[in-house]
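Both of the next two complexes hold chain A, though its partner changes from chain B to chain C.
== the complex of A and B ==
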């Protein structure tokens, strides 16, 4: 069986800047992986390459053994680092939009999450606060029963109280056989949910492994390790 | 999937255009009524508003063609559209079909508005003019027979030509925007797209001139006109423009599929 996600010698440069430098990674199903690194380390670029929104300069990325395309997009649930919804749409219209395009979108689950977060389904996106827009996007992404979830800074714009709910939402809604790749630099809040982590720096994976192994080998939390590794 | 994309695409433009159509039709009706009265201050305002609305509809129909491709595919909303399990060709089709449809609907609404405006004024004259139509039609058929051409076929060909030429213009715009987002020029997306648009037109124009000169050496234009009738001539032009459509569609699809660059 092919791995859920595989990067082979993946390289991406923007002009003379190297964003990803011959990255080789393999992800097995059923894991929650933290993609950690300072700003500009290549996290967002990696997620965009997996989604086919950018093209690699060299090397390749495979999702379930296939290059990014309509087939792989049906397997991947992606939360980008920006608002990608048309702001004239109502929340319920966006839900039916997702329902019509993604066979794995569970609308009942989406409404449950929406009501727990106390967001009006009849509200137009443009009337929602930035934090609430992010919550709606996260609901859309987590209400899918995808094989691979790619979350780019999922808790970046929401208040600490909502963060706990969102993390719970992620854990409770993620399908056990799926792989979850979460990019973040707010490590302390998320650390407890990771099975594995990857430290990305200047486009290279500088540290990679199971969280428990790393903690016991280094004798410190992932957050502390991050602060030490990327000290300015 | 194309059907679903089209549904979404129509809805996105409808919210801008439908209110404008509604306002134009209502104002035209009011104008039609006013025309029967003496000219007054309000008539002037109504006429100015109607003209303004016609202009707004024309501008919006054109602007939406650009905006639905640029904003919905190549800006932030593209993060959603390009992660849907659809082919890039389906995305282009949905934008193209919706764009042509809205321009066509805008033209029809414009004609309807004129009818509402002027018909009540001279209803009798209007109907009188219509009564000449069968006679007029017979005369046209006669003229076409003399030219050895089929009139209904020429009408169908002309309508198709307008549509295909419209599609060609839209596809050149799409292609130029797809070029403008390429990594080498993406720092100046708008400028690069504009430059690509001018370049494409310049290249096509020169290609047509060269092709005309070359074919002119084989057969003179005079002979050509003598030999082929109007229907065949229209069909040939139609085929040429359709080939242009296919070229720019495939080019845009290639760029969006293999060179997408949402930085």
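== the complex of A and C ==
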């Protein structure tokens, strides 16, 4: 079986700025991977390349052995760093919109999550708070049965109680054939749900490994290590 | 969600916690454990990490898996009593270490413990 995601010498430059620098990564199924790095390290660029929203300058990215395209979009569930939904829509309208778009969208599961988070399905997106908007978007993404979930800063704007719920939702909803790639700076809150982490700096993977191996070897948490590695 | 120490591997902390639950009888001898995913979700950890903790506990014979019906706490009460003694010993050793650093001798320590117990 081909890996869920493979990056081969993946490089992206914006003019003279090198956002990703010959990145080589391979992700097996059933893993939750933390993509960690300071601002401007290339995290969002990587996620956009995997989605086909950007084209690589050189190198390639493969999803389940295929180049990004319509076929891979059916396999990838992406939470972007900013919303693309129309804010006049009601939550329930967005759900049926998603249902018609993605064959793997499980509407029952989406409503379950919505009710657990106490959000009104008849509310229009623009009337929701920033945190509740984020929750709706995460529900949309996690209610799909995808092979690869790409979450760009999924918990930035939500309160700590909802954060716990969201982490539990992630743990409960991903399956053994799926891989989850989560980009975040809020490492302390999420490091216990990762199998592996990747430290990205200036477009290069500077550290990669299993969370507990790193904690044993360094005698500190991933959060503490990040603070040390990227001290300003 | 469970608060983890920042400097130790998570699976070892999960093992320690489950051992304590077994000794305290919260997970009683011979009882069935919840599924890996449910336990992982309760603790807010990665299912693979929980799996690793449970496998290690199986290797220490504190848990056993039955292929079709799930994972159980050992029914061997002697084994659990041994674990209780081991955890208690480690705890007292830590206490003694700290008291020594604070300059307590054997006699002072024993009389301190006695007076605290009398007040309780």
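Throughout what follows, the second predicted complex is superposed on the first by the 232 of 232 C-alpha atoms of A that agree within 3 Å, B and C clash if a C-alpha of one lies under 4 Å from a C-alpha of the other, contacts with A are read in each partner's own complex, and residues count from 1 in each chain.
One rule holds for everything that comes next: contacts are C-beta pairs under 8 Å (C-beta built on N, C-alpha and C of every residue); 3 or more make two chains touch, one makes a residue touch a chain.
Since the model is a prediction, treat every value here as computed from it, not as a measurement.
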Q.
After the overlay on chain A, what do you see for chain B versus chain C, clash or fit?
A. fit
Q) Which holds for A:76: it touches chain B only (first), chain C only (second), both, or neither? A) first
Q: Look at A:52 in the shared chain and tell me whether it touches chain B only, chain C only, both, or neither; answer first, second, both or neither.
A: first
Q) From the CA centre of chain A, what is the angle out to the CA centres of chain B and chain C, nearest 10°? A) 160
Q. Between chain B (first) and chain C (second), which does A:211 come into contact with in this model arrangement: first, second, both, or neither?
A. second
Q.
Looking at A:39 after the superposition, I want to know if it touches chain B, chain C, both of them or none. Which is it: first, second, both, neither?
A. neither
Q: Have a look at where A:101 lands relative to chain B and chain C in the superposition and call it first, second, both or neither.
A: first
**Q.** Three-chain overlay, closest Cα atoms of chain B and chain C, distance in Å
**A.** 27
Q. Taking the contacts chain A makes with chain B in one complex and with chain C in the other, which residues are shared?
A. none
Q: Spell out the part of chain B that touches chain A in their complex, as residue ranges.
A: 1, 4, 8, 12, 15, 72, 76-80, 82-87, 183, 258-263
Q. In their shared complex, at which residues does chain C touch chain A?
A. 1, 4, 6-11, 37, 40-41, 43-49, 52
(Q) For the complex, give me every residue of chain A touching chain B. (A) 14-15, 48, 51-55, 70-71, 73-74, 76, 78, 80, 82-86, 88, 97, 100-102
Q | chain C partner contacts - residues on chain A that touch it in the complex | A | 30-32, 164, 167-168, 171-172, 188, 192-195, 211-212, 215-216, 219-221, 223-224
